[in-house]
Every structure is written in structure tokens, then in C-alpha cells.
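Labels run A, B, C, D, E and F following the written order; every chain starts at residue 1.
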Amino acid sequence: MTTWTQLLQKSVWHKHLRGVRRKTLKETFVNTIKAGESVNDIFVARGRQLAYKKDGAPYLTFSIVDRSGDMKAVVWDDVRAMSKVFSEGDYVKVKGNAREYREALQLVVRELERVDPDQVDARDFLPATNRDVDQMLDQLIKISQTVENEHLSGLLAAFFNDRAFVDLFKTAPAAKKMHHAYLGGLLEHTLSIARLIQAVSGHYKGLDKDLLLTGGILHDIGKVHEFLYETHIDYSDSGRLLSHIVIGVEMLDKKIEALNGFPDDLALVLKHMIVSHHGTRDFGSPEPPKTLEAIILNYLDELDAKVTGVRAFMDSEDPGATWTSYHKILERYFYRGKG
Amino acid sequence: MTTWTQLLQKSVWHKHLRGVRRKTLKETFVNTIKAGESVNDIFVARGRQLAYKKDGAPYLTFSIVDRSGDMKAVVWDDVRAMSKVFSEGDYVKVKGNAREYREALQLVVRELERVDPDQVDARDFLPATNRDVDQMLDQLIKISQTVENEHLSGLLAAFFNDRAFVDLFKTAPAAKKMHHAYLGGLLEHTLSIARLIQAVSGHYKGLDKDLLLTGGILHDIGKVHEFLYETHIDYSDSGRLLSHIVIGVEMLDKKIEALNGFPDDLALVLKHMIVSHHGTRDFGSPEPPKTLEAIILNYLDELDAKVTGVRAFMDSEDPGATWTSYHKILERYFYRGKG
Amino acid sequence: MTTWTQLLQKSVWHKHLRGVRRKTLKETFVNTIKAGESVNDIFVARGRQLAYKKDGAPYLTFSIVDRSGDMKAVVWDDVRAMSKVFSEGDYVKVKGNAREYREALQLVVRELERVDPDQVDARDFLPATNRDVDQMLDQLIKISQTVENEHLSGLLAAFFNDRAFVDLFKTAPAAKKMHHAYLGGLLEHTLSIARLIQAVSGHYKGLDKDLLLTGGILHDIGKVHEFLYETHIDYSDSGRLLSHIVIGVEMLDKKIEALNGFPDDLALVLKHMIVSHHGTRDFGSPEPPKTLEAIILNYLDELDAKVTGVRAFMDSEDPGATWTSYHKILERYFYRGKG
Amino acid sequence: MTTWTQLLQKSVWHKHLRGVRRKTLKETFVNTIKAGESVNDIFVARGRQLAYKKDGAPYLTFSIVDRSGDMKAVVWDDVRAMSKVFSEGDYVKVKGNAREYREALQLVVRELERVDPDQVDARDFLPATNRDVDQMLDQLIKISQTVENEHLSGLLAAFFNDRAFVDLFKTAPAAKKMHHAYLGGLLEHTLSIARLIQAVSGHYKGLDKDLLLTGGILHDIGKVHEFLYETHIDYSDSGRLLSHIVIGVEMLDKKIEALNGFPDDLALVLKHMIVSHHGTRDFGSPEPPKTLEAIILNYLDELDAKVTGVRAFMDSEDPGATWTSYHKILERYFYRGKG
Amino acid sequence: MTTWTQLLQKSVWHKHLRGVRRKTLKETFVNTIKAGESVNDIFVARGRQLAYKKDGAPYLTFSIVDRSGDMKAVVWDDVRAMSKVFSEGDYVKVKGNAREYREALQLVVRELERVDPDQVDARDFLPATNRDVDQMLDQLIKISQTVENEHLSGLLAAFFNDRAFVDLFKTAPAAKKMHHAYLGGLLEHTLSIARLIQAVSGHYKGLDKDLLLTGGILHDIGKVHEFLYETHIDYSDSGRLLSHIVIGVEMLDKKIEALNGFPDDLALVLKHMIVSHHGTRDFGSPEPPKTLEAIILNYLDELDAKVTGVRAFMDSEDPGATWTSYHKILERYFYRGKG
Amino acid sequence: MTTWTQLLQKSVWHKHLRGVRRKTLKETFVNTIKAGESVNDIFVARGRQLAYKKDGAPYLTFSIVDRSGDMKAVVWDDVRAMSKVFSEGDYVKVKGNAREYREALQLVVRELERVDPDQVDARDFLPATNRDVDQMLDQLIKISQTVENEHLSGLLAAFFNDRAFVDLFKTAPAAKKMHHAYLGGLLEHTLSIARLIQAVSGHYKGLDKDLLLTGGILHDIGKVHEFLYETHIDYSDSGRLLSHIVIGVEMLDKKIEALNGFPDDLALVLKHMIVSHHGTRDFGSPEPPKTLEAIILNYLDELDAKVTGVRAFMDSEDPGATWTSYHKILERYFYRGKG
């Protein structure tokens, strides 16, 4: 399986992650700025609006955004000129001073300069996994290599040898909200599922372990196209119109077609694992799990999504509090205990 | 579009339907047999069981089935030999006499002979549309020819020029129960949808009529593989494991791939119509309708399925009754009025 | 059926709509006012509040409202006197200047005068259909005249000859939100349903077309009393306590009682169409559709409501965006495409 | 209020119930017939079928039905003649002998004679309340007389002075299944509700007791037309097509119209009590309770229906068992305790 | 049963309530403060935040809270020192002046002093029943004394003789929102249920009145631990993790264990009343009611909660309005009528 | 921890299972009896009924039942005497001959003798785990011994040292239907959960493994009292009235009370795991999981129940079929594949 490593080393993304990553330009993050400080760094500019003071003079407001949060910015002087420097969603280098205004921080901008996307590291501006992406990929590939069935093994190899796919797969989030909603989240979730399957698959007799593992590794591949994750995380057109379940089946079809003699029956139960992995129609699976492997995948997927999502929610809350705030989607408070 | 007609004339199915259809061997149907009559015709044999009389002598029971219903049959003499003549599900030519036994009809079989599937017309044994299949297909093709968008027009032609597809499409039922649950039902339903779309599409401004019509014609194509319909109507493996929605997207992908330069955006909204045509996740659509064309298709599809299904249910009931019996799936009685 | 036309020409509403409509006093609409402009026109005044500056001096704030939207207004001088000029919900003629204040427009009012409701055209202050009301009514009456059953025809005539009913029917909205939520919306929706029925009723055999058409025309009549639509659109007491379905049956009962010999059975199936037209109990129908005509009405009603509501929602959004914002009631984003 | 008593004494139904009821012809009930006994009494004949023995000779089977249950009957001799004596659903006088056949009782009929409906007391053939109907009516009227509001009092009098209504109201069941599903059940349930309201209405301040009581007494009046209860209990056409809620509002409208000056607001909240008394749309109320009186009626109605229905279910079960059998609609076993 | 009275007279809570209650320190309540007034009283301080003016000078904001509502407070001078005087949630004595600021009232604080919890009466700061707590308790005890079954009577005595329990039971709210959401609310609700049971239990035959009454009195005892109600009303840890249903069963178990020879069967049906009193699993009952007594308790509980909650909601709204505002949990407007 | 082993060796149940189990009297099982064979063995007798032949002579029918199924039995001779020999549900020793009658097997009984329950091994008559119960218990105890927290460890020891509990825990089923619905099923399920927890608990950081394992081992203890499992498997009174969730909390309370100084907080989160392990209120948990440990337990419990239940269902079906029959509770067919 040397091909994989070779291929991966040529990957542009890989360079970022394997030590050759150039030093980021970014040192100041929004959530660390304090009133009174001067700021000089790159942010995404969003929500720009031209407004007018009582005396009729114009001023410009927008938000500076990075992966740590967002903050209001205002331009009082030289407004016309400055407003032409950038468009909605651009990267901008901003110089100015932070001050308290109406109980919130505000950056009074003095200088402003558009920055080319090539100059920045997107992960400074979007939340990202704090784990080593390449290491996770290596681990997932190693687990893939334990699959003995030659068709399934070949299929996994076909995916991991597809550089375009791997680049996306290493970067994609697993969700817009709730769990693994950050760059690298899909890989992190997939690796977790693969390991849970390894831990559990020996527990029951009569399972097709190769099928279970392959289905587990591929169950969410459609998410590489379901989301946009360049300057912000959102659903793509195909994500909203087709869902990652349908996209995943389409991706599987293309890879299987390119392989020789992949058995129809095997393709069917594998696609069924993608189709049914949300467990019920209510959650978007056109058919519920009808094989033992699909049942197991469904529960492990829910387990991993829930545990990871709830833990992240707990971690994002006031560390001193016994209870989290109310979780609107899961409709409950979570208990963090007293200690 | 002559190709279509040419192709269709070569079709084996076509021959059946365009006058060259050989005279069926079958003259006697189960629902017309009366006590005291002698019977000599072909049926499907199902549910065969060997049993024993009080004196220990064996006898053989099974059901004779055709598209009109089923009836018990019994062999009293020469049982061992007769039981070797056929297997479960075979076509058999049966000679015997009908009699009343325990308040039901029963055929006492004297002679029994296995018949080759080639010798029979499957539609004698499965319920089938009572409309002319080729005529319906011609009408659907004519409607297809009104599509002006060259990509969509080309796509429809690709389907109708695919003889294997057309053969299945002309034969497939639209459901196992409820509505159009008979051979030719898919075509009948599709034609009805296409006409409803023609009637309605001028009603609202700003619709993409070509898209609406193409989506309407292709929305259920996955059903040609969702069902088995050779000797009985049931779900296929892929039907149960993937659903006709996913199968339909796969079929569309293959045809689109074979065309040159089919626009991605157009493919997306077309596939969305298949994906969403059941309206909600509860009914098996991974995503609900998000375009006007998809919304319209969803309601017309429900309208046609409900009206056709309820009318067939009404017609199957006692013609003298004001109300039908209770419809378990739709959970109500239907009112047929007083006369 | 000349009576109808004669009657309609005498209608007060009719005059408004047939060219004799006096020129509206209103020229300035809220959504066209720009910072810096002076304003002199009539608006509805809502949400008036007396407040105090830091120096203790009072000032008066309220919103000026018309069919195009609303805008903050403030009175700084002569506050006590000005505040006595008008009450909540009154029409007021306002003179003042628009300015930008805290990122929103605000009207600084100099003069203020209450205006009598007789002086204004309510449709300047409430959203209204942009189609010709009388023309729609004529079209609906023409469709009504195709009903051949003398009882149903007589019933429709009884409604259209009832001037009080017609006046309300021409003005009422079809909803408070979602679809046709504007003056004339009920008529627009009813006409659309009548036309859909004409388009579809020939599609299936064995339908009672007269019943279907009459039920379609009368299905929402209860809405003329379900809503208030004089200075704003809201539910009436009887609308909230009884629902338009029950009100509609009551209205039908009264008209039928006044006719001679309307057959009981016909009344029953017609009332059933009103009772069941929301399709399920969940949506407010005490009984689900139990006749083919009721089933068809239910789907066409949903189709028209959804298509019209979604299209209006699409049209109200940023024309440059591929997707609409999130639709809270239908729980999805809608796709407007890239073109 | 003497009118009421006078009127009621003239009622045909009344005679049955006030001592002048003629002795029933019926002495033998189905559930008391034992194998070996001879039978000579009147029953309803249902499900008649002509069948044939092995030797080709015809025989006739049907069920004999009365309020205690049903039992198979068979005619072996003189079949052609006997089969012409009666039609489906007729009352028949039957002579014959009961015997055990295939583990069930069967009546071998020797003589058979059609009986005119006038000759029988319908309550021998349908389950009926075991309480005194006139006494219950008297009690309900006495409670009605405590209503002080002259409009409501007049309305109640209008109903109780309507002989046709009273006759139906005294006879109607309150349901087809579940609770009070027997002749007189509607009256029994209504009286129970009226008493519960008396017990509870002093419990909360600020209630309109007259409204609450009147709404309670009239809430189910639509049931007199929702059901058929002549020879068996079933839904009527209008019951299935409109529901007793809509029918009840129609009945109220007619009575109110005939009264002078019944206040609109009062009519509205009274009708709202009928409209909303099932509590939610799911249970068939187009609007949920929106006044305190409607809320109270809803819960007392549910309380009475549930307690009465469950107690009847408990009483119908094996008296020695700790638990009832499974109640399919309420989806549970009920606990009757150990002694 | 003298013990109860004796015990209760020693209760600390009792003293508050029987006339010996010391005069509260509190005279000014938030909802009575007007712009321009000076304030000098005790409040709870919540949501304290240090902020900065444009000139960099700090100021302190927080809310002053009591049972009547809350109001913004601000400290402009001597900020550092004043901010050290109190912590979040403390009682503080505040001197200052109310003024209108940005359309809301604001208290400009001049002096600030922390107050010890012992110095205040918690009910000044939390909403409380406006009925006499001891009188309600006496009434409930009198009703308890009508229970004749010695085991149930002994059980009730055990609870009412438990001073710690009684203290909590007299103080606890019955809910955080919706109904009886104030100090003493649990007792008020329980007394109401006990009386409803007295009114209704004679209505049906065959009920175990002692069981019904005891179950009614004890059904919500778990709420004394489900809530926190010292300085604000919220769920406790055990309330959120176990629910008052489970806590109630645990409390019952402990009391029953301490009694001699309480019959197992009786304990079972009594615990079942607690377990099932929410009626369905959806509302938190692990099992639905399976005895008549449990069914009755469930409906009376819902009746009392709904009527009391809706009436309180109606009372909290604009007295001049015909309709309340929208009730988000019950999902409707309520009708208060026109008079 | 020798105590446990010592204790267990004295257990009566233990003897059965550790080789000293006396040879069962039973050799013939219902599902192996063939027409024509003579039978002489012990069965449970159920559904006894006395009936009469056409000639008036009595005969006796009942079912003979053991763990393999049931079969009709009939006594033609000496009926009165034989019918006195046994009561419903007794163990009987039966001699007779099997024959085919009306397409089913029937045992014609010649001799009949009641058998004392002490003489039989209940597991011959009820389905039981096919795994070694003591071995499973040993394994579970070993896993329990890995718990390090002294309180939790002491709690587990308290349960496993309670001989009465252990005897029940080794015998109880885990369900009446669906999964582990046989003797020993509870232990089998609990052991499986404990192992799954071991496999998974290292997978996520920050979990309290001791809590997770203890909660997993104790989550279903209430089932030892929820079911009856002496001569047949059914719900007990307390099972139906309280549910195993409430019973489990009660059992935990008693054990914790007997221990010294078990921390309240620990008891709370442990009880929460029992309370919430069904995941949602719909499935009978009064509160949903609010800790990570409770979330994990919920999913592993569902995983084990579903996989085990579906596998057992698959195994019980025709081994040659690709699909199982329809599973009514899970509402789907399951796919067993083609090979």
C-alpha cells in the first residue's frame, strides 16, 4: 500500500500538515482582543454596511471574523476610499484600536488592506480539529488494511488513492453544528467509528467484519460534498438538495464501476449501510437498517455523534457550573457534576 | 425521434401487444369456476403440502392461482407420482372437477402436468393494466417530445431508446399494494403524472416546464428495479435495501454520464425531484421538496396515487354498498354514495 | 345569470375597482422614504409611547405603517398637544423629515393630524393582490356558470347574488401568513382552485365534476369571517373559536335552507368537502376526505397554497441569492437556482 | 317547565319506559342457550349464505343475533322455501335445537318466520343502559333548570321541548365502541357530565357556571345523528362525513336562530365548547379549548369516557383474573386487583 | 391526630404564617418604582457586569430583583469599591434614583450594602401564594383525616408528622413555569386535587376512595426535592436527573418501610398512582394509568394544572384585551371575552 | 471476594448447572413428535376444554406445551375421570399416540397423570439460554472486580453477595419478547453490556469508567421483579404497574441505604443511569440521559438488544430464505443474504 503514502506526500494539504507548513501570518485572534489594545492582523470581513451619522457624514461598519469568534469594527474616517478596498467575505488586514462601546467591544479601524486567500491559512479562520490530521489518516489507512476481502480492500484503496477525495476527506467537517463541526471533523469521526467497530465487531458472532468496517469507513463520505468549508462551514447546493446519503451512494457507485468484478450482492449491502445509517426515515434514511452490520453502524454512529457533540457542548460552557445551559436541539440541560 | 418507434417494434414485449400476440392458452380463470364444473387449464401452483387421511393414506393439497384469484386444489389418487410432477411456484396444467367443500370451492384434481414458462403469457397470472400498453407508451413519448431543453430532451430519448429499460418500464407495477399494483401500472401512473403536469404547468408563472415534465416522467424509474414482477409482485432485494428513490438517482447518474455536457446544475435539480418526490422524510424522501417544480411533482404524485388507489378500492367492493369496508392503510371507510 | 352582473355593478366595492375609484391620497410609501427626504402623507400610527429624555423632557415615539412596511417616528416638540391628536391605530397625516439614527431610518415629525377612515383607501395600508379583483370575480362567475346540476348552480348563484357576501369575498385574505395573505387573496386562491379543478377534472373518470367544482369554489368561504381585514389582517373571534371550516358549514347551511328542495345527500357530500379539505385532523379537518372529490380538492388546495406561498417567499428574498433564508414554518431553505 | 313533562308523557318511547311497556316477546337470549336445548324465540338474522353439501344438496347458514351476542344457525331441510322467508337483517322467529358442532354451538333450525319490527322491542336486540331512561332525563332536566341565564335557559328548554330530539336523545348511544356504547348511553354520559360540572364548577372562581353547564349538556348532541341505532349500532352517513362536532354546531345554530335575541357572543363561546371538547385536533376538534369553561368540559368529558369505558371493560372480563386482557385501543392491560 | 397540630405550632415556618411573622424590611417593590423616585430598599442583585465608558472610566451594571420583577441598576461613581461589596445573587440594600433611559427605567445607585439572608423574608423576593399557607395545610389535614383505611391513614400521618417534610411541603412550588409556579404552590395544588377528589369520588361506584384520596394527596410529594426555591425557583440536581415521579416513589418507600405491616398490594397500587399520574410516557410517566383511581387522578391533575395555569396567564395579561397574547407552551391564544 | 464463590456453590440453581444436575425426566419434545409415534412424557397442560360429540358424548381437549412449542391433545375415553386428574397449567405425564387430523398433529391421549413441580426441571418447559449460566456469572463478577471506586465496588459486592438476588438474576429473562426472552437472558444481556462497556470505555476521554461499568451492570436489575418466569414468562404485577426502571431504583436505594457513607452525588448519577437508560420518555425513561455515561449506556443497551433480538429472529426463520418474514414490532423484513 505504498502508493497511498507516496500519493499523500504530494498532496498540497499534506505539506501544511507535515511540518512544511509555513508560519501563519495570524497572531491576534478575536477572542483575545481587549479594550484599549491596538490590533494589526488579518480577519474575514463580513456584514459590511454603510451608515450615516446625525450630521450626515457616512461611516462603515462590519464584523471581523476568525475561528475564535467575531467582533464589530467601524471606520469613521476616509470612509468612501476604505469601503472600496474590500468586498463581503474578503480577507482583510486591519489596523486599529479596540474600545468598549455600549457594553461590547468595537474595533475602531484606521487602516485596511485586502489580503489574497493564498496568503492565509484557512484554518486560522475556521474552527479545526486539534488533532494531527495526517496521523489520523495514517491510522485510518492502517485499519483499512486489516480488511481481508479483496473487493472491499480494493474499494478502500481506490478511495484512499484518489488524491482529490483524500484532500477533501482530510478537510471536511462532519456537521454544520452539533458534533465534529470543524475542519477535519469528518476524518476524526470516521476514525472513531472505525475504532469502535474494531472494539465491538468481535463481540457478536456471525458478523461480516470486513463489510462492517468498510461500511463504517465509507458511511459519511458524501459529507465531503454536502458541505462548503472554504471560508465558512455551510451546506452546499447538492448537500441541501440531495443529502450526504444520496451523494455517498453516488460516489460509491462511481468507484465500484471503476473496479473489476465487484460483486453485486456485496455492493448492495454496502450501499444499504450508507442508505440506512441514520436509522429511521425521520432522520433521513430512506430505508431503516435491515442487516446486522447496518444496525451496528447506526448505533455506533449515533453513539459517537452524541458523545462527541455533548462533550464539546459541555467543554464550551462555564467550567464552574454544575449544569450546562439548555441544549436546544437535544432539549435538555447536561449535568457536569460538582467536581 | 423515429428511432424510438423502430426500436419498439423490435421489442419482444411489443409483439405481444401489437396484434401479433399469440392466443393465450388460458380460458378458465379461478374467479369464474363454479361448483360442479370441470376444469382444464393452466395455473400457478402454490403452497403444496402432503397430508395424511385418518387411514394413513397420503393426499396432496395446493392452491391454483391466476390473476383473478386463488382456489384450493386436492389430489386424492396417485399422489406420490403426481407430487413429483411440479415444484412450488410452477405453472401446471390441471384437469379436475370443482366442488363445494366446507363452504368453499375446491378442485379435485385428476390430471396434472408441468408447463414451461415460455408457453404462457405472464399477464394471465398476474393482475395487469386493462389499458393498451403500447398506446400509453406512445402517448408518453409524444409528451416527452414536447420538452424543448436539448439536455432534458436528450436524456428522455436516452431512456426511451434503451430497450432493456423500456421493456421493464412497460411491464413494472407502480406498487405492491395501494395504487397501480399491477403489470403496466408504472407506465399508467407515469403517463397520468405527465398529463397532470401538462394540465397544471401553465397555471403558474415562472416554472421551468421542461424540468417539471422531465422530472415527472422520470420520478419513479427506480421502480423498474424496486419490484419483482415475473410470477408474483413483490419487492426486490435492492428495492428493500435501497428504495426506488436511491435506485432512481443511480439510474439517472448512469444515463447523464453517457451524455455529453449535461449541465451539473440541471442534473442537481432533476435529481432533487426524484429525491424529494415523497414530500417528507417520513415517507422516505431524504430531503423535502425545495424547488417549485419538486413541490408540484410531490402533490400531483400523491393526488394520482390516492385517487387511483381509492377508486380501485371502491371498485373492488360490493357495488351495492354505500360505504366501502375499512381501508386499513388509509384508516377510514370511503363513501360511494347512494346510487 | 344577468342578475349577477347587475348586482355587482351596484356594489360599492365595485366602484373602486371599475375605474370610478377615486384617486388615492397616498403618494409616499414607507419603503421608498430615504434619509434626508421630507415626508407629507397619511399612515397608520401604531405602538405610540411617551418617553423621557435625560433632562426629563418628554418625547413621543410611534411607528408609521402602510402596506409597504413600517418606520419609526419621533415627536420632539409640542409633545403633549401632539399626543392628544390621535389614538393607537388611527390614520394620521404626518409632516416631517427622515433621518438615519442608530443604523435605521427615523421620521422626525413636525406636524400631525388625524384622518378619517372614509378619506383613505384601505388597500394603501394593507397588502393587496396586484391582480384586478373584478376581473377575477368575473372569471370565477363564468366558471361557476359551467355547473350544470341545477341545485349546485342555484347554490352558487345564491352566494354570488348575496352582495354582502360578495363584498367580503372580494376583499378577504386567504391567510394571515404563508399564502395569499393579502386583500383579495381569498378570491385569487379560489379562482386558482377553480381553474385547477377544470384542468384536472377531466383527467379521471367517474367524478362528479359539478360537485367538485362547487366544492372547490365554496371550500374556503368561511374565511370571509375567519379574518379581520380592515386596518390590519388578523383572526376574528369566531375565526379563532370556530375555525373557517365550521363557519363555512354554517354559511352553507343557511344558503341551502333558503333554497327549495336541495337534496340532503348532495348537501352532505358538499359539506364533507368543506369539512375535510385540510386532509387530516392534524391540520384541522374533523374528518379526512372520504370521497374522490374531497381527496382531489384537498391536494389541489395544498398544491395551490404551497406553490403560491413558496413563490411569494422566494420573491420577497434577496434576488441575487441562490437560496432563500430559512422558512420557519416549512422548515427548510428553498432553492432559487443560479440564474 | 311543566311543558316538558307533558310532552314527554306523550312520547312513544316514554310509554315503554314508564310501566306501560308491553311485555317483551323475547325470553331466550343467545348467551344462555346450551347444547341440547330447544329454542323458540325472535332474533335478528345476519350473514345468510346458501351453501352446498358434498352430495350437491343446498343448506342455509346465518347468524342469530340479539343484544347478548350471536350464534350460528343452519337449515338442512326445506331450504329453498325457508330461504325466501326472510332477508338480511330481518327479525325472525326461529324454532330449532342447539347442538355442539366443531367446538361451537350451532342452532339446527326447523321452523322460521319473519317478524315485523313493530312486534319487537329494539332494546332486546341491541345493548341498552341498565338505568331508567326517564329518570335520567328527569334528573338532567332538573339540572338544566338551575341555569339562570335566560338565553341559555331558553335554549335548553327549546331542546327539551323538541319531542323528536328528545326521543333520539333518550335512545342514542354515546359511541360505537369504548364507552357508553349502548342505547341510552348518550343520556347516561350527558347526565354524568352535568353532575361532574355541578360538583366541580364551584371549585374555581370566575367561571361562567351557566355557560359551563349548558355547554356540558349540549356538547354531544350531534351524536343523535352521528349514529344509527335501530337494529345495530353504527356510524350514519353524516356521522362519518361530518362528525358529531360539526353536526352539533348545526343543531345549535338552528335552535338559536329560532330564539329571539340570543347574544352573538354567547352563541360563539357556546359553539366553541362543542367545537373544542375533544381537546386537540388529533382527536377531531378543529380548534383546541380557548376558554376556561371549554378546558374544564374537555377534561371532564375525557374523565367520564375513560372511567366508564375502562370500568365496562373490566366488568366484561373474567371476574377471577387480576388483570384484564389487553385493551387494544388504550394499549394496556388494566389491573383489577387481587380480590 | 392532635400530634399534627402540636408539631406544626413548633414549626419555624408556622411562626411566619400565624401572625408572629416579623414585619418585613421590604417596602418598595420593583414593579412600583417610577421615573424620578428615590429608592432605598433590599433586592437580590443579579447579572453584575463591569463596563467602560468612552473615556475609559469603569461603571458597574446589574439587575435588582424581587418577586415583582427586575430592573436595571448602574453605578457611576466609586465603582471599584462598590463592586467589592457584593457577589452575584446576594441580597443588597440599595439607595439611588430611578430615571428613564433609552425607553426603560434604570436605577442610578448611590449607596450599596450587602444584607444577610437571615435579615430578609424570602417570600418578598420570590412569588408566593396569596392564600394562607397554614389554613390550607389545616384543610388538607382535615381531608386526610377522612381516610378510614388504617394503613393509608397511618401513612398520611407519617408524612404530616414529619416536620422536615411539612416545612418543605408548605413552601415548595408546584412548577417552575405554567401553573402554581410560586412558593406554596405545591400545597395549593395538592389541596385543590384533594377537594376535586372529594367532589368526584362519590360520582362513580366501585372506587377505593381512601386509595384515591391518599394517592391524590401524595402524588406530587417528590416536588419538594425536585425544585430549588430559596432565592429563585429552579430544578434541583435530583429533580433533573430523576424527576419528581421517581423521587416521590423513593419517599413513599421510606415512609412505608417505617410503618408496620403496610400491605404489599396496597403499596403497589399507591406507588402506581405516583408513577402514572402524568398519564402517558410522553409526559414522563414510565407506565400509563392502569387502575380506575390512577385514571381519575391523572385527569383531575391535568384539569387543575391547566385551569390554574391558564387563569394565571389570563390574569397576567392586559385586562382590557379580548384575547391574551400567544401562549407558547399551550400553543394558542386564550379568549377572555368582551366584558 | 471468595464469599461470592462460596455462596454461589450452595445455591440450588448452581447445582443444576455445575454438573450435579439430575438427569431430566423429559426426553420427548413437542416439536419432534411425528404422526404415528407413541408419546410418553411430561408436558404443561393448557387451555383444557370439555366438549361434546354429535352423539352427546363428552370429550376433553387441551394443549401439551414445553419449551419447544405446543400441540393439541384429545381424550376420547374415560373422560370424566381423566378430566379430574389435572388443573389448568399443571405438569402432566401423558401417554398416547400422535396422528394427523385436519392438517395438524393431534395427540390421542390414553393415560394421564399429574406431576409435581419438584419432579421437573423448569427449563425443559421454558426457553432458556444455551450458554453456561454460572460461567457467565463468574465472568460478570470478574468484570465487577475491576471497579476501583470503593463505594461502587462495595455496592456491586452487596448485590452479588445477596443470594436471593443472585438466584433471580441468574434465572430471569431480559424481556417477554424481542430480545433475550428466555431464562438466563438477563444475565446474558448484562454480561454483554459489561463487555461492550469495557471495549468502549477507553475510547473516550474524561469518562468515569467505574460509574459507567457499575451503571451498566445494574441498569436492568429491576427486571428480576418485572417478570414472572416460573411456568411461563410474563409481566408481574409490579412490572406492569411500576416498570423495571422504578423497581431498579428502589432496589438500588435499599442496597445503598445498607452501605455506610455512600456519597449522595454518586448515588444520584448512578440512579440517573437506571432512570434514563431507555433514552427517551417515549421508551419509558422519565428523564433522558444527561451525563456522558448515561448516554453511552443507552446506546450500548439498544445496540445489544437490537442485535441480539434481530439475530434470534433471523435464526428462527427458514434458513434457506434470503429475507426473514415481516418483523411486526421493528416493522421491516431483515436481509439474511444469499449464501
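As a convention for this text, a contact is a pair of C-beta atoms (placed from the backbone, for glycine too) under 8 Å apart; a residue touches a chain by one contact, two chains touch by 3 or more.
On a predicted model such as this, the values are computed, not experimentally measured, just so you know.
Each step here moves to a touching chain, and the least such steps from chain B to chain E number 2. Taking each chain's centre as the average of its CA atoms, chain A and chain C sit 45 Å apart. Within chain C, residues 237, 240-241, 265, 269, 272, 290, 333, 335 each touch two or more of the remaining chains.
Taken pair by pair, the chains that touch are A-B, A-C, A-E, A-F, B-C, B-D, B-F, C-D, C-E, D-E, D-F, E-F. Contact residues of chain E toward chain F in the complex are 237-238, 240-243, 245-246, 249-250, 253, 265, 268-269, 271-272, 275-276, 281-287, 290.
Of all residues in chain F, those touching chain A in their complex are 192, 195-196, 199-200, 203-204, 206, 265, 269, 272, 288, 290-292, 295-296, 299-300, 302-303, 306-307, 310-311, 314, 330-335, 337-338. Interface residues of chain E facing chain A in the complex, by the touch rule stated above, are 49, 51-54, 56, 61, 237, 240-241. The touching residues of chain A, counted against chain E in their complex, run 35-36, 99-101, 103, 322-323, 333, 335.
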